[in-house]
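First chain A sits with chain B, and in the next complex the same chain sits with chain C.
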Partner chain A sequence: MAEWIEACAADDIDEEDVIRFDHGGRTFAIYRSPDDEYFATDGLCTHEKVHLADGLVMDDIIECPKHNGRFNYKTGEAKRPPVCVDLRTYPVRVEAGKVLIQVG
Partner chain B sequence: MGSEAGMVIVGAGECGASAALALREQGYAGPVTLIGAEPHPPYERPPLSKDAMADEAEPMPKHAASPQRLTEAGVTHLAATEVRVIDRQAKTVATADGASLGYDRLLIATGSSPRRLPLAEGSRRCVTLRTFDDALAIRAHLRAGVRVLIVGGGFIGLELAASARKLGCPVTVIEAQPRILMRGVPAEIAETIHAAHGSAGVHVLCGKGIVAVEDITGGVRIRLADGHAVEGDLCVIGIGAVPNVALAAAAGLAIDNGVAVDGNLRTGDPDIFAAGDCCSFPLALYGGRRVRLEAWRNAQEQGALAAKNMLGAGEAHDAVPWFWSDQYDLGLQIAGLPDEGVETVCRDLGADAFILFHLAADGRLVAASGIGPGNAVARDIRLAEMLIARRAAPSPEKLSAADTKLKSLLAA
Partner chain C sequence: MAAAELVKSKRDYSLVGESSKRAIETGLASAEWYHTEVPRKVMKELMQRSDGPAIRDTIIWIAAILGSAAGAVLFWGTWWCVPFFLVYGVLYASSSDSRWHECGHGTAFKTQWMNDAVYQIASFMQMRNPVTWRWSHARHHTDTIIVGRDAEIAVMRPPDLLRAALAFTGLLDFRFSLPILVRNAFGYLSPDEKDFIPESEQPKAVAAARWHMAIYAATIALALYMWSFLPLMLIGLPRLFGTWHMVLTGLLQHIGLADNVTDHRLNTRTVYMNPISRFIYWNMNYHVEHHMFPMVPYHALPKLHEIIRHDLPAPSPSMWHAYKEVWPVLMKQLRYEDHFLKRDLPPTAKPYRGEFHDLTIAAAAE
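On to the complex of A and B.
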């Protein structure tokens, strides 16, 4: 069974924003949507290895800070060139004010 | 489009590839032919001065559209094929190997070429950087201790300087202007970049005219107007780029710092469009000011827009100019045209990152330029770009207050 990891406090992330979370030699991006839900994806863009947490969240889209490729961070779906490979997503739950992600 | 001669795109760079794929995304089902002078499938040029130069691994072209993707999209890619003539009456293009190809609509996406330095024409030690093959040739020389001279303190030269330093080459940059990055980059940001090169051990010589370039035994010598000379093993000329307009000019199309197009990227010939580095176009955002942009994103966006308009969409280009540069651990991003501003407001993002907001006389935000480690400025530059696109006039106090989120200004 994949492990649940505490990533951050729920209020570490503003609404419609993203932060970076590093764990076990890997890097993730943790999102808080405008409707106050939490999501997690791989931290690096699938086009070039750029940290998505430096990018801009707009509704359910994360835009890469370097080349403006876009993903739906809820599903991981690649939405705009130059990205063409989907982003891996991870299950998230919020418990007692903490954001937990299940890293597989 | 009943005749089905199809769509022909001259130039298989980022722009041409973007156009070819966009034609299919728009539902066009006729023949699409993408003709490129280079032997490679369309690839991304930005890495050529950066990772492709300095990474340990042997570089491979990073495809903007892989052969597989082009095949899947039903795009015919003619590689290593030079187009010699556009016959506007017959609506055909002729290639160097004698073939003739008809078109219903033609896109000129021929890009730009390195500006040549006449003084260096005879030198076998002087090279330029534009193509993947250029990059391979330069990379083959870059080993620790090989002395590199770079003529021109623009982006190509400075990115290459940073890459060469990573590989342990002594590097000297020679710039004729009083400072590096005179064109399009504010002085404060150029100073930060200059300092980074100084810390890395690059000799940056500004305000130095060149009077001679001489090949000498085992190297090259550049004589400066001030009487000094610098010597190196290899010299890269990076003094800007000129649009590839010969084909369009010979076909009688108007040239004005590039193939002149209207806001829809259409030339004076209703069946011929131009996009990317090779064209100049009116930018509505700045009162129709005619500009030519040499930038990756512009090439991609204009290619896609030209494709739509070749199919009759009639959409005007209204994107905010944007580009980036990476040197060492610094990332620079500029949105808009800073020279449109009369007043500058600084936002200090901490950790050696800052953004300059450029405001017009009427208070409108016309550009934002930022620099910092990694992508520290990226998000705020992106938000600034949205404000610029909306022709917003945010208060200078809020722009300078780092604790005021730019996103909140966008909502206002």
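On to the complex of A and C.
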């Protein structure tokens, strides 16, 4: 059964930025888009398991800090080598100023 | 037999050999590397992409290439063509290395098609398979100077000084790079290439090699048609007379420093260089900074250097100083390959893993 987890306060994340969120032995990346929407993906790059939260958000793209591989963080789609495997995404909702992600 | 074993190198630079297995077993492969702490807001600003600097530099680069090529063609058949070819050669064969590098990282331009276009052109000039080298460079960043893992170790131990000297002539490019492209064009990838190129990408490496060979074949055909070396002097042969600057600057990146450590401060070198070399090299003289933070575009590296230099070894003041420092290390490595240049970290630096630093340095850092 997937559960909704409170990840952070909405204003913990700057616009067009990302933060790391660890829960239950797993690590996630929580994004705030330039349009002020929130998204969540697995926290580690599918290429070399680097934390994406240290990377750069550009529009709907997250670029990995180690090898510059890119994903669309809204869909998880791998967009630029050396990443070839898509990133898992998670549903997100914002309630009372809190960002919640549904992990399963 | 026993004597032969004694003199045999302890390091196996093959990517599928004993050193590779050992690096994986000991956790040296795909390890977590040391990073100097930089506040997120500062790093975010440094990582920002911009088309402006790279468009400006690329316009200058292309204009200089076309200008020197025009002069070389105009004066072809006289000695006056020589200086034009010398300039053209460096622009073709040396500055294309840094363009290949920065555009391969995707950081030079903000607009991705510009990165991709310059990457493809520069790869051709470098006689490099653009697919193979993208993956080998990813591995170089994952496992920088980890023996058996890094496919881009320029000078191995014990050092082959003849090979290093020949690299300045570009002869090695013809000896190695061209046959590799031919082999790839016929559909063959080596075990090393198969080790770092994902299976899904391997057909792309073959296709890219075929495009390169087609351009070389067309150039040779034109040379035969014109019954002149001129087309080959403009495409292909500049690798022989223009590579020296790439080797001069590129060798300094890691030569003589530690291997099998997971701290770029110990295996990578930053060297202050003159403005012309920095233009040709696109600021890759700030090499510790680049390896530690590959997301930072070349034009922001001087600023990054100022921000983190308190945590890094002192940069070499010039290429001359760097080579002067390296030479005795290479001489000693001929007899004792485990010897390397230990980098002194400044007192303000944070020590990372004790086993990489002797007690004196660790004490100084506390």
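Basically, the second predicted complex is superposed on the first by the 104 of 104 C-alpha atoms of A that agree within 3 Å, B and C clash if a C-alpha of one lies under 4 Å from a C-alpha of the other, contacts with A are read in each partner's own complex, and residues count from 1 in each chain.
Operating definition for what follows: a contact is a pair of C-beta atoms (placed from the backbone, for glycine too) under 8 Å apart; a residue touches a chain by one contact, two chains touch by 3 or more.
The model shown is predicted, which means the values in this text are computed figures rather than measured ones.
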Kindly classify A:R26 by the partners it touches after superposition: chain B alone (first), chain C alone (second), both, or neither? neither
May I ask you to decide whether A:R88 touches chain B, chain C, both, or neither, giving the answer as first, second, both or neither? neither
Going by the contact rule set out at the top, does A:K98 touch chain B (first), chain C (second), both, or neither? neither
Based on the superposed arrangement, let me know which partner A:G55 touches: chain B (first), chain C (second), both, or neither? both
As a test of reading the superposition: which chain, chain B or chain C, is in touch with more residues of chain A? C
For A:K66, is the partner it touches chain B (first), chain C (second), both, or none of the two (neither)? both
Hey, what residues of chain A end up touching chain B and chain C alike? 54-56, 63, 65-68, 81-82
Touching chain B in the complex: which residues of chain A? 16, 50-51, 54-56, 63, 65-68, 81-82
As the complex stands, chain C meets chain A at residues 30, 43-44, 47-49, 105-107, 112, 134-135, 138, 141-142, 198, 200-201, 293-295
Inside the complex, what are the residues of chain B that reach chain A? 18, 44, 64, 296-297, 300, 324, 374-376, 378-379, 382-383, 407
Chain C-touching residues of chain A, taken from the complex the two chains share: 14, 17, 47-49, 54-56, 58, 63, 65-68, 70, 80-82, 84
